[in-house]
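The first chain written gets the first letter, and so on, giving A, B, C, D and E; residue counts start at 1 in each chain.
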């Protein structure tokens, strides 16, 4: 059971269909238990995941976002992950300039064989986010509607 | 209004143990748009599927969510079930509450909450699914093979033997490629020409093969199933139909001292020539740069006079021919690294220290092949080029260029270990008392009977192997002074040799990049063509319908090239075996109204599936420029969607609306 | 390059120290060919062998500062007669050309803007710039007695990807110059072999062996002198020649000239001005 | 005989307002080079260093974004929750320019001629507007050409006129104004001088006639060719009042929101069919000017412009109302007869 | 005088039919700001002015359909404006051959000079059909500024804590009224339908609330990543003086650091947007 008052972060994971999604499947097949805080949204490829989705995740109240796909060279579509990598190289700089906490945004390569890595990454991010507490800074921005 | 059916699966105890199925079923029933919510022990079982089919019909469902296992497990199953019941299969989504939930979260409350979120997202997604139908692409059952070496020959014959027409394009005047010039082949030491020439003849005579020699691919249009290839037939100055190949012309030609390409510059040919006696087609060609008549426009004409078939045509010109094909096989092979200096790449600085091009008796491996070949310029006697003496001591250096980052090529050329062993054997067999010294980095002899072969060269034939590199070759008193290291002995080695043979690196053939760009095939930093997947799609490329085989893909030996050629032919035949091509409809499309034609998607698409296009009125008047997805090529990765600033690109099955509604559904 | 042209000049430590004979001859013969050398203001060490093994930033910053000064002062071409110096300067330039961030960092460290616009030249390149025709025209005393083994050493043609004035392994540019001066050259095998300079103090045996091989091979191919364009090579082959002879019990008696020495002689400059009288090996 | 208030007393008055739970709005240097009307944290009146703030007081009555109601899906039911009756704080607008306050009667009509807009009205009711007569004007000002002026009284509850360094003459114009200053002023002998406003720059009647008669005149496109099509003019204009209504939310709930909109955006009149009746920027500029000088006057008898000049000051390509009207005047010889007096 | 040469050239281009419209700067009166003018008759060439008020990036007018309808343009550009022109060509928005480019040497625009001018290294346009230079004496006054100064403002800003940065932007974006002046004056914001105007789904909330404003400004800046040519027109147009330049600088610095890329500096270079390299840095990916 939950300890009472323990903060349960909300984590949105954008993952590719061919590597990380299958890696998470493998974690399941191997019954590797990890915190239930992550919500996976499946994409064909990390190349499909654009930066607006990260913003949208925070608008939706996420405390952390994970983007994960195939290791370099493993992309099902050969290059989608390279496009993604270049996108995040630049996007992180923008977020950093805006003062958005980069510790809330995680990028990993997790292959279909790395069920254990998936479980570890999710556990790690959940723990880290729990330590940091809710991402109130962006929630305030998102909440302060008209 | 959406009428969504949600079917939650117990998966026996697998889901039910940690997820409160009843609570899930009840809560889901209250979700907006959900028409029915039921659960069952095994949704994938026949009775489970029967319930789904019944509900689709009785509730007139417009979408289906199956909350059970991974879509990788059963999405196809449930799509098929939906289709049977008359619901478009692309209106089915799965919520993975087993692998991603019950199997990994054992706190019942948390697992149930997460399962609800996963289902909620899937409900939102399925509401915005579109009915899709597989894309049908017409198919021309005709193949084009580019490159007439052993790989191209094998691929062409396999396809032709299966009853389909093949056009085979070869740049040189004859097919046969590099293998036709080899002496004997490892590890069996059988004669290369003895095994290859019958296959060449077969190609020449095959009713299904149309042979274009002395020809190159000019341009490629179209896409999988429907390529239109323009071929440039270079002017041969000999009428292929009239010519009988009698040889009167080349026997009469007075221009003799032209370096023979086939003999790798070790011998000579006439200005009108066939590259080698067994050439297919056995028709000569005039070297327009060497022929007096063609150079001056007048004079000589001896061949014309001698030709009784009246086949010589000095007025011949290049011709463009268009071929239709459903599939293209690229088998353009390799060339050797020019150690004197590569012109095409500033990084490849050459091997001046080995004196190639400076010392006549430093030759490369293919030149050595011609020296030991019975059909070669010396008739198979090993005579060194400088003075024709039989070398008593030959040094073989491996990895010249290969595995040498400093010289720009990091990869292993793979076949050199084997052919160098073969070279030492052939040399030792032909030169009693001769010494064969080999400098090597490693001996890589993986393959059937390969290591045994190398051991034989060392142990039976007495080739001396030194593990180390050669630093410099200089010439003293007619001897080549080879200075190197024997790292196993830990000592420098100096050998006075009569000849040095360099096992230089394999590089992709000249012009392959231009060809790759015409075909939209990728290539790596060394210029070798890229396969679609290194393990699972080794002969496919990212351009659908274009296959690769042989050394254009990576260095490989004959058996590998042949095996890959047959694989490429097999893949082509699998395609040709279909009625028509159908492709997954979950692909990208462009909203032409809002597209600003910046063409970032065109540059980013890994499949070059997006084209620059024009929107026209029904009467053909230009409205605007736009990007357009070629349905025959798009693989549905969605890279264009993320790159498109105005979000005019959209990916079926993963539309912006779907993804956003999924994220937003988590806000509650 | 037109006559009376002026180019930047980076002496480095050697030409201001142990090899001031080299500087004397470089200045004299280039002056006679109408090239004025403007010594770089406030130049500092190029970093040579030491810097890059200690600190990567330092290894770039040292040449970077020299290059920045050159740029600031409008020096488009900079002669560094010592090949070690020219290599270090070229490598610094290249490192900054490849890495914009590094270039900006260096600009900050040296407090000067660096665009990478100064071209670094060795002595041969300067001669090539003057042109063989101009050199031939200036010759007063053709080197008819000279049969030279041109010795480039390990550095002069490197790094090959940046120095395209000659073939890295089989250079011939110095031969072209000697022939323009009316001399003969020999084809030999040790043009780009190492003389062991880096080991001069640490491993004298190796140096003597290498130098011996070079001298022997030059002689075997009929040379009556060796021409170098590197202060280190010169030191090893000239100063150490006596040691070589004692060690191997042979008599080489090989004059070791700088390229600028022979050029100067052909142009009619006296041996003293050229610093030739400061060499160790002396023959008639 | 006049009523006088000292600057110190005025500050006290503002402080008291804040202390009683109200909010005070006035010109403030929100950035070193930017003066805007803004909520003041503490009292203090900015008296110099600007001609006109870079926004208008409009947004305190008619916000850029305003929720109309919220909705929620529970099970299969939809629940609406109104926000129109949510209370607003008493608002004191202190030191508004007369050309800003003049927009209030204009918007009063827009938001009340047919349907009573409670969102606007409740803010209007809660507001007391104190204007400050202008002592300076710049090239962009043209209040006098549209029936307004440096001490115009429309929309004001009280008008302040500077009297030396730290005192103002107070003219209470409404009950609200009188209530505000009750007991805070002293009688004085002096009466403040009202400085002259900007000279007349065009003839509004001519403009009205011109816009009516020249719907298809290519001059609109010609004069506004450099217009970039943004809404900077409309959003800093005291009188522009177009809005758009959107739903922001998801399948489970959300809010219906009223946002500012602008006739200069090409999307403003874009039909779902793809047809756009105002497809060119010139047509959109014509619309804006027609609305201000013909359509609104036809309906309500007054010009939809107070001559504040913000459009001219703020437009990235210097294309304010004044510029266009001056160009029309220049381009049209018949205008000579109605040259400014 | 540059202005005389400009007027002469303008008249010639129009009378010879080389261009149908000359896009340049006009001024109501000396000392007043200069704004775009679209000269279509040789006799109107005298309307052109050239002085330190010529700040507007005229390349931004080319995207507008009203301007396209005028026919083949000749456009006056400063070195910085030209960078945008090059990007437009790279992104297939213009065909270089269909535009006559008049380059004018500029040693600082605005009074005081705009922030970008302090680290300008493109005083003289290069991608032009004609370039008009300052006289020798004026050219001698050309500033040369260390390139490290390019990002000085950004570097100073980045020394603040992330919390202070976020607070700064909340205040800045708090003033945004979504007038989209930043978008409309940007030469590279040429989408026919901006993502901000897209609904179904609504990527960026229409409302000018913190949520909608953050979404808009993040999107605007990132859509210009490695594309923005640094003309600073967005910042200049903003009626709320939002410091958009800082965001553009951040992405320009990132593009330069990672790819050695500066948008619009080299007409031959391939833009990094829409491309990738196997060597791209991934130290942030776990």
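As a convention for this text, contacts are C-beta pairs under 8 Å (C-beta built on N, C-alpha and C of every residue); 3 or more make two chains touch, one makes a residue touch a chain.
Quick caveat: nothing in here was measured; it's all calculated off a predicted structure.
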Which touching groups survive when chain C is ignored? one piece
From the C-alpha centres, identify the chain that is farthest from chain B. D
With centres defined by CA atoms only, which chain is the most remote from chain E? C
Argmin over chains of |mean CA - global mean CA| returns E
Count the touching C-beta pairs: is A-B or B-E ahead? A-B
Nearest whole angstrom, what separates the Cα centre of chain C from the Cα centre of chain E? 49
Just curious, how far off is chain C from chain A if you go by their C-alpha centres, in Å? 59
Contacts with 2+ other chains: residues of chain D: 64-65, 248, 257, 259
Name the residues of chain E that each touch 2 or more other chains. 193, 195, 202-203, 207, 209, 274-275, 278
Send over the residues of chain B in touch with two or more other chains. 593, 604, 643, 659-661, 664, 667
Residue ranges of chain D in contact with chain E within the complex: 30-31, 33-34, 36, 54-55, 59, 64-65, 221, 225-226, 228-232, 234-236, 244, 246, 248, 257, 259-260, 262, 265, 267, 280-282, 314, 316-319, 323
Touching chain D in the complex: which residues of chain B? 30, 32-33, 124, 127, 593, 661, 664-665, 667-668
Using the touch definition up top, name the residues of chain D that touch chain B in the complex. 73-76, 249-253, 274
Over in the complex, which chain E residues touch chain C? Could you list them? 144-148, 256-257, 260
Which stretch or stretches of chain B touch chain A in the complex? 70-72, 96, 98-101, 103-107, 109-111, 113-114, 117-118, 121, 522, 530, 532-534, 542, 586, 604, 606-607, 635-639, 641-643, 651, 653-654, 659-660, 662-664, 666-667
